[in-house]
Amino acid sequence: MTSQLADQPGAPRSAPERGEGPGAGRALRAEGSPTRAVRVGGIEFGGGFVVIAGPCAVESAEQIELTASAVRAAGAHLLRGGAFKPRTSPYAFQGMGEPGLRLLCEAGRRHGLPVIAEVMEPAQIPLMLERVDVLQVGARNMQNFSLLRALGRMRRPVLLKRGLCATVEEWLLAAEYLLDGGNEQVILCERGIRTFAPEVRNTLDLSAVASAKLRSHLPVVVDPSHATGHRDLVIPMSLAAAACGADGLMLEVHPRPSQALCDGAQALTPVAFEELMRKLRPVLAAVGRELGAAALPTAAAQSG
Amino acid sequence: MTSQLADQPGAPRSAPERGEGPGAGRALRAEGSPTRAVRVGGIEFGGGFVVIAGPCAVESAEQIELTASAVRAAGAHLLRGGAFKPRTSPYAFQGMGEPGLRLLCEAGRRHGLPVIAEVMEPAQIPLMLERVDVLQVGARNMQNFSLLRALGRMRRPVLLKRGLCATVEEWLLAAEYLLDGGNEQVILCERGIRTFAPEVRNTLDLSAVASAKLRSHLPVVVDPSHATGHRDLVIPMSLAAAACGADGLMLEVHPRPSQALCDGAQALTPVAFEELMRKLRPVLAAVGRELGAAALPTAAAQSG
Amino acid sequence: MTSQLADQPGAPRSAPERGEGPGAGRALRAEGSPTRAVRVGGIEFGGGFVVIAGPCAVESAEQIELTASAVRAAGAHLLRGGAFKPRTSPYAFQGMGEPGLRLLCEAGRRHGLPVIAEVMEPAQIPLMLERVDVLQVGARNMQNFSLLRALGRMRRPVLLKRGLCATVEEWLLAAEYLLDGGNEQVILCERGIRTFAPEVRNTLDLSAVASAKLRSHLPVVVDPSHATGHRDLVIPMSLAAAACGADGLMLEVHPRPSQALCDGAQALTPVAFEELMRKLRPVLAAVGRELGAAALPTAAAQSG
Amino acid sequence: MTSQLADQPGAPRSAPERGEGPGAGRALRAEGSPTRAVRVGGIEFGGGFVVIAGPCAVESAEQIELTASAVRAAGAHLLRGGAFKPRTSPYAFQGMGEPGLRLLCEAGRRHGLPVIAEVMEPAQIPLMLERVDVLQVGARNMQNFSLLRALGRMRRPVLLKRGLCATVEEWLLAAEYLLDGGNEQVILCERGIRTFAPEVRNTLDLSAVASAKLRSHLPVVVDPSHATGHRDLVIPMSLAAAACGADGLMLEVHPRPSQALCDGAQALTPVAFEELMRKLRPVLAAVGRELGAAALPTAAAQSG
């Protein structure tokens, strides 16, 4: 009966049996228990270290194909690429929409890469479910509770970005909206917080990664591209993330960053991405981890 | 044709004729032009100073009736009261939902007060349109672009709260989503920003009010209850808001704050609210303004 | 014996009788007691509203004379002007030093205005004591404890600016260093805090003014020039400060702001300063206060 | 002649030949040039990775001896320990002062560890120069320009902590005050910035480390103890610092953290410190670095 009530947004609810607050939450790690892995195809978030890579926005068939091919060759596990883009201004490029989503998924399939894309509203969920392996909730939507409730009713992995000025507790409680609906496949993503510091787009808060890992059993990945906004800082921050216990990275890669329609300054070239992957391996080994196994090459990828 | 495209979220769009960015935006004040009033019943945001008052959340018929009666007697212009509450935790009181909305509207009608309530998702809009005079977008939804697009297609006043860490430019660009859809009835609301300062719930940023008034023709109101989180600070901050050019206030009033189901520490008692209204008049006069005319008492209010 | 120990910086000390922490501090207001005035010549901080005005930095005899004359005519009570300027870069203009201090004091004397200037290190105190009526501690030195200890041993009024990211508690505890040394003539000055907000130089935190007034018996003034960094915002923020209970203002005024050697964008012209003084009176009256009586014209001023 | 003027604080100065601003500063790294090492005894900041360890404050002969012995055995290079403590409240423990300094230095000598201690005002410099190998400027004094000028005239290494809300540019410009005085032995130290995030004492900003390393030739170390305030976060943040290119760490270690007179919650036990040193080696190797050679054991250390 509780679950029925849960489906009615705003309905008065009694506190769950485990009590109120994050201390009692479903995201909470029991003392000594490990991170619970979230599986996407053959890949495990919370197992081997997972690398998500791709452009900020899907711009063309050629761009997404070049990117997918390059990041697959360098060892990425998932392909990212925005189709519906949340933009501060209504007059800025809003993404290609559904055609972009189709291009993303085709490129992913050709290269054996599961795909992740941002979902901005409940109405987009059915379309996303048909095509996308992981649904991303953007930082600006971290407390879009109706979106969270809707995704909590799904049984598809959700990557939940931390809000621009969300505390770790608020982030875990946002995850709780998903878990409370029965969707246990939640991946957290730290992407930098808004501070006074003017030299970076956001301030990457790696202590929040360590903190979230201590308190919760959810896997945590790091997006150093949005967090810094500067290509030069992406590699050092990626290595730092790996060293402090993150379960993966989410990176922007573009075949020609200077021509990117959005956020080009933070995108890695394919060459820099390959360099990062090479540097990542020994750091992971140093902390007793390793890169997750590559997704199995598909027939399409082999012939592509 | 542009307006058709605007209805398709995510569709690629060319820049509007007036150019990109807020400098070119519809929210922009032309040099020397005044604030464009937004009318709600007989009340004008941007004309006389407007006071919105009521509880954080509608809790019972008695509570909303007592509050409405008290704030009307003291001179408030609109009645507020949350029916659907966005809450950080899924296990906290989420508001009474539709029954709460009905109680709010009945109390408003009895006392001749137009009502304002928060809308959290596009699916709630039809219900809200039947009942509510002003639709509020909460701080956590300031960049919920699909909600903004949906409200931009309506022709009902929208009060847009500033996000917890939104810049003035981002706030005006969020308003632009509403204006771009053709809804010109937009009221801005400053409600404090998130800073390091631990003694207040948020830091009230009155320079953002002055700044928004300088750049834009939209009316701007101030919510000192959420901005401070402390009853003692609400009166001084309200007077400061009036002195620096705000067009109105949005205040939490509760007949028994200590028993409030949410945010009791920041709610004024009816007696304190009356004191505030008394102190407000001379400050407004000092800056050449006055309280807006009270809403005309309705038949219902007279017999109630 | 305690007071002897207090003179030895760093000496281990037992907690004072009143207990540790700001709750027990000498800056604390006893329930119901008023602000304790700090007297400077015939002027009372904490009595009538006090206006301090003058240039960011003393630049020349002509500049400070023009400014002093203009601000005196418009009703200012004290003359400010930096002689030793704390600058972020060692290669920026550092102020005229001692010659600047002499020019400031001569202009003050000619116009019957007590003067305030910033002291940057204990070694400058003797020179300052000869010339200056109020010693200012800048925001960057709010926790320069050896400077505070040294000033605590003086018996000259000190204006203590809030640090760029100091909490109200830290600000009051910095004042406690002065009070604990026996110097009871402490004036607090809010000058904006550092936040993410990019449109202003700092974010003026008027709730901290109301908060400091509630907790402490010290007078509190507001510096809207540094807080905003924009001339256009200085008047509205000054009126807001007056409305919320501040005891005075500290303003930058320059005869030709566009030629100022530092911070010209935030300096008022003499004409704008006069406008501000005119607008201030009714706002003060509205909150039951009035401008402090002008300093008595001195013989020098009358013949000047 | 310029250098003479530089000795007179506040004297008007012409811009240096290389132009104004950090872009022209002495801290700037020429394209392609390496970090310039700062030597302390046989240790090189900017060469092998350097670990500074010790208690927040020197509390007793036994405490500092136990700590020095433990950190030396685990491989630390320098001994830290506050003798003069900057404290927010004048009523809090202010450090043992000169006796504490003596205990620190004796312990360092016994164990062959150079020592670092904080200098709070120019008047303390002579005492410090007699005893201390590296002079530390605390975060609250980062813009205490008279202290910086005085230290710029010394020829002893200075560790300059980043201010609580200082930008990277302001931090480098504070270093410029030291370099401009002729003291080229400057080590930067990131210790966390003040943000809204309530779960940590400060937010460790590792992107500032990478950023400072890119722009400047100065060595940069990281203090994860103050940055996080939580013992549990110190090890992951230390590994992250090592991975992203920091030149060393500054850590709080206390033999019995629960009894520490200050900041016990963030101090490592000797056992945890040893664990950290063990985990650090492979991470450093992974990024092509190694721990600096231990300071040569002194006769005193061998017999201790």
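Details
Labels for the chains are A, B, C and D, by order of writing; each one numbers its residues from 1.
Basically, a residue touches a chain if its C-beta (ideal position, glycine included) is under 8 Å from a C-beta of that chain, and two chains touch if they have at least 3 such contacts.
For clarity, every value in this text was computed on a predicted model and none was experimentally measured.
Of the two interfaces, A-C and C-D, the higher number of touching C-beta pairs belongs to C-D.
Fitting chain B to chain C on C-alpha positions gives a rotation angle of 180 degrees, to the nearest 5. Between chain B and chain C the centroid-to-centroid distance comes to 36 Å (mean Cα coordinates, whole Å). Separation between the centroids of chain A and chain C, computed from CA atoms only, is 49 Å.
Each chain gets one centre point, the mean of its Cα atoms, and the points for chain C and chain D are 34 Å apart.
Residue positions of chain C touching 2 or more other chains: 165, 169, 194-196, 198. By the touch criterion given at the top, residues 165, 167-169, 193, 195-200, 203-211, 214, 227-228, 232-233, 236-237, 239-245, 279, 282-283, 285-287 of chain A touch chain D in their complex. Put simply, chain B touches chain D in their complex at residues 165, 194-196, 198.
Considering their complex, residues 6, 8-13, 15-16, 20-22, 24, 83-98, 120-123, 140-141, 143-147, 164-165, 169-170, 173-174, 176-177, 180, 194 of chain B touch chain A.
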